[in-house]
Amino acid sequence: MGLTVGVDIGGTKIAAGVVDEDGRIVVDDVRDTPATDPAALAATVGDLVDDLRRKRDIDAVGIGAAGFVDASRSTVLFAPNIDWADEPLAARVHELVGLRVVVENDANAAAWGEFRFGAGADVDDLLLVTVGTGIGAGIIHAGQLYRGGFGVAAEVGHLRMVPAGILCGCGQYGCWEQYGSGRALVREAGDRIRAGITAAKPLADLAGGDPDAVTGPMVTEAAQAGDPLSIDLIADAGSWVGQGLASLAAVLDPTTIAIGGGVAAASDLLMQPVQEAFVRHLSAGSSRPHAELRLATLGNEAGLVGAADLARIP
Amino acid sequence: MGLTVGVDIGGTKIAAGVVDEDGRIVVDDVRDTPATDPAALAATVGDLVDDLRRKRDIDAVGIGAAGFVDASRSTVLFAPNIDWADEPLAARVHELVGLRVVVENDANAAAWGEFRFGAGADVDDLLLVTVGTGIGAGIIHAGQLYRGGFGVAAEVGHLRMVPAGILCGCGQYGCWEQYGSGRALVREAGDRIRAGITAAKPLADLAGGDPDAVTGPMVTEAAQAGDPLSIDLIADAGSWVGQGLASLAAVLDPTTIAIGGGVAAASDLLMQPVQEAFVRHLSAGSSRPHAELRLATLGNEAGLVGAADLARIP
Amino acid sequence: MGLTVGVDIGGTKIAAGVVDEDGRIVVDDVRDTPATDPAALAATVGDLVDDLRRKRDIDAVGIGAAGFVDASRSTVLFAPNIDWADEPLAARVHELVGLRVVVENDANAAAWGEFRFGAGADVDDLLLVTVGTGIGAGIIHAGQLYRGGFGVAAEVGHLRMVPAGILCGCGQYGCWEQYGSGRALVREAGDRIRAGITAAKPLADLAGGDPDAVTGPMVTEAAQAGDPLSIDLIADAGSWVGQGLASLAAVLDPTTIAIGGGVAAASDLLMQPVQEAFVRHLSAGSSRPHAELRLATLGNEAGLVGAADLARIP
Amino acid sequence: MGLTVGVDIGGTKIAAGVVDEDGRIVVDDVRDTPATDPAALAATVGDLVDDLRRKRDIDAVGIGAAGFVDASRSTVLFAPNIDWADEPLAARVHELVGLRVVVENDANAAAWGEFRFGAGADVDDLLLVTVGTGIGAGIIHAGQLYRGGFGVAAEVGHLRMVPAGILCGCGQYGCWEQYGSGRALVREAGDRIRAGITAAKPLADLAGGDPDAVTGPMVTEAAQAGDPLSIDLIADAGSWVGQGLASLAAVLDPTTIAIGGGVAAASDLLMQPVQEAFVRHLSAGSSRPHAELRLATLGNEAGLVGAADLARIP
């Protein structure tokens, strides 16, 4: 197969690009997401594909979307940020563009992208964990994407880390992404500003004195400028990330783990605590092989590139 | 391929049997395990196989063993109850019997047995979780055994449930099998007897007044006789099992989960609390398909039958 | 001193009564609480006192109020349900009625009432713990009320039970009253109804199918009617209560602990799990004397009676 | 009353000294502790007192001892490091020396010493928390020692911090002193050396490569020399200390908290994390007065001086 189009549907933007067999984006484009209108959203994807195919011949379309995608890679069962419910996305877009269309969970698509062309290009299995506002993941095992029985595997951000812990948007308590993510950085920073802790002064200043105005990038920025509290907060989040990876290693036994996502990208201060907590918390760590931790290499393009490549697989 | 031999190496006994293509044990035998002498152990396996092949023609040997087995299904990297270290078990036995020999982790073998001939015979994926003294598991995904990158996947008993929790034999703290297993039943019962709680009188009597003499079977026996504390302890363990399964479902997304092992077998009182805690703790439970929970059906034979069948796979 | 008036200021009602030296309420009255208008609230208290003193001669006024009361027993620093901020309540009421007025935290007043005339009338020290929507307490040590250095001791509902646990209204995470209180019953019941657990059907029916409509009394009612899930939920809450009491015993070493509040009053199902968890979790339990657990005996009147009696103490 | 003798009975040494009314040690002496022979131990105390009274006239003897002391300040109910069981220590020593003898828990004695002559000399209430191998405390409220109903209050090291957490020597799980003490430093350091974490190399070198040979002083020494991991470990322990203090503040409401003990003494790196975690975890922290945290000032002499002074109180 020759060129394919990868589409990455986010809550605010839809990115699409023509991708070649080596994972290179030949040409690309971006539109706003009509998040509350599934028909308009499908039409926007159709327009993007039509525009791109005027520039290059393409053979198929791969779409990555945040949400639960069914095992047939056609329907989005549920999405946190878009008004989809059992949305027949592949069929809708296929009707518009007349090409084969496959839909994949966005983290799965990104994991596939990293596995084929990025941090995992030299290995046979890969666990990609993205640390952004929340925590997502995709699992590649024995050269294949592990999709799960219903198609909704690798929702690792909802591994429970703390019994009866912090309430998560998923309705449960103590989920991993409440502790080792950008959301955790923001909450912990805000709590310290509210408590009036002296060390929180630099963060409070960045946030204009408003504990609710702190953002993840503020914390990483302050940490890179040397703010001790921000460095500590990132180390704490990194420690939680590493602890969760140790649990995942017991279950999934990857040889290689790539860490991606906004928090990892923004700060070289995250990986050291991740690495140390991971090794420290490995079950039977002295008797088993250790997975290698790496930074992901494709950045934001991983999902688009991965989706395009998945469209090549029958 | 016709008949194969399955071998199940436990800490005290080695069971072996000739198994047909439908998973039926045609003839079998058992010996004591020479746990401290790897050469003698391999010789015992060789003897068992030689005795069995005098009765039937066999094509290959599959061995299930508790421990970390490498990805080539030949070497036991580490075992908790047998003095193996990087033990070339497949080669040793092959040298003795001249047949193809594959080695597999015992929980993986049991999962494969249940998948092919037991609780999972009608489905395409299966998570088998065994609740005995500890907690073990095997993962079948898309019709294939998920072995992990190094071959040591599915050590789910070491999923961390409680940060800085109870010390586990694996060197870590708060592992699942410290809370939802026979070991937990024994510890919690003993603690209550030591505390002199009135409700612990029936268990104390069963244990001859010695809190250290309580066993898992005592607790299940007392529970089945209606002892309220024992029923509660099994319900607590079951709740922990269900909570862990909910975390596993987020990561692995099985459609079917079979529960095996001694605690599950001994008591019909375990499954109800498991089921309720599982549903109660599922992330985004109202937006995702739910796995079906079942009892495993092959009992102790699952490992032997599964190992025999895995020997058919090249 | 002869008769005094006790006043109990709640978020919706103000109760007042003339109390004799034996803790008997001679005559009493009740008004609505003008919770958003401190001046009107003081005026209402003044009116109540004036009405009562027309019926009997009184010597002083004791007021119990939910909130932080300063060490001089005059000013309410902060109250969760009434718009008070550094409210000079004693001075305001004194100005209106011309009698000596003392203000006390409502749980402290209730503990004093139980100590003098109720569950603790026969002992020299008492820890009263009230299990209602939240958890409150008052400490009597060596015959005296333990008020703390700032006057705000015994906020035991905010003992942290779970690190990084459930968010509490106090701004912290994992507070005791999130686990062992009426609030916990309501949350846990609602979560189970939302999860669609079969056993939650009776509670769902009581709540008209709406998980947000469950109340604590519904759960206790269902439990008393034999609903297994409700019995379990109360046992869970009771276990948390007992676990917290064990921590308090390590710190405070009471000889007698009285349990009061709406949840304890409503259900005889709470005390057994409280008792067992308390004994089970006592540090060095076999080497130290155990506090005796009792039900409080004065019910809602404890605060009013205790406040009246505290007004006798210079 | 004029001079009194204070005696501090530790597991290996007994220190005794003549103390004046200003808390000054006039003359002192020390002997080995015959820990397994209660009669010999009492005789040793008697000898020490006899030697000291030859040098000065004394009026009474105060003894501080690690263990549960009964409410009459005479009998040691239980001691972790000395073979005492319901030991009538005051009577035994009185028989030998003919003076009034009072016995007090050693942490209570130290708190009284700090309250009268040290960190709390200027305040009316004091919570002394000692962070050594474990965590101990003494409570002074309204100018008086808070002894508890049975005489065994302030065992704050056994406040539970983590449900189902690390096993403590007291038979319970998750006690504070498993997380915020010298014992925690040693365990965490050892775990990291065992895990082979790069950052643990300096500590491993100090311990001669043996994870079981790490001591608390090694960690504080390495931290003061700038070792990043040791600084982190002390910060983690300090954070746990601060979190526990926040729970204690909710219950006890001290205006002043003094931190003593070996870990606090050895490292100025502990107090900053203690302070920040304390403020960060205070319930309703923005609505209530905050206790002031201070370092204790009397060091090892606090217990001896406090015991001597308590002997003055009838």
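All chains are identified by letter, namely A, B, C and D, in their written order; residue positions are counted from 1 within each chain.
One rule holds in what follows: a contact is a pair of C-beta atoms (placed from the backbone, for glycine too) under 8 Å apart; a residue touches a chain by one contact, two chains touch by 3 or more.
The shown structure was predicted, so the numbers you read here are calculated from the model rather than taken from an experiment.
Engineer: If you take the chains that touch subunit B and keep only those that also touch subunit C, what is left?
Structural biologist: A, D
Engineer: Taking B-C as the reference interface, identify its repeat among A-D, B-D or A-B, namely the pair sharing over half of the contact pairs by residue number.
Structural biologist: Checked against B-C: the matching pair is A-D.
Engineer: If you tally contacting C-beta pairs, which comes out ahead, C-D or A-C? Let me know.
Structural biologist: C-D
Engineer: Starting from the mean Cα coordinates of subunit C and subunit D, work out the distance between those two points in Å.
Structural biologist: It comes to 34 Å between the two C-alpha centres.
Engineer: When the centre of a chain is set as the mean of its C-alpha atoms, what distance in Å lies between subunit A and subunit C?
Structural biologist: 47
Engineer: Send over the residues of subunit D in touch with two or more other chains.
Structural biologist: Those would be 162-163, 171, 191, 194, 282, 285-286.
Engineer: What does subunit D use to touch subunit B in their complex?
Structural biologist: 162-167, 171, 173-174, 178-179, 191, 194
Engineer: Which part of subunit C faces subunit D closely enough to touch in the complex?
Structural biologist: Within the complex, subunit C contacts subunit D at residues 68, 77-78, 123-125, 141-142, 144, 146-156, 158-163, 168, 170-172, 175, 243, 246-248, 250-256, 281-289, 291.
Engineer: Residue numbers of subunit D touching subunit A in their complex, please.
Structural biologist: Those in contact with subunit A are residues 163, 191-192, 194-199, 232, 235, 276, 279-280, 282, 285-286.
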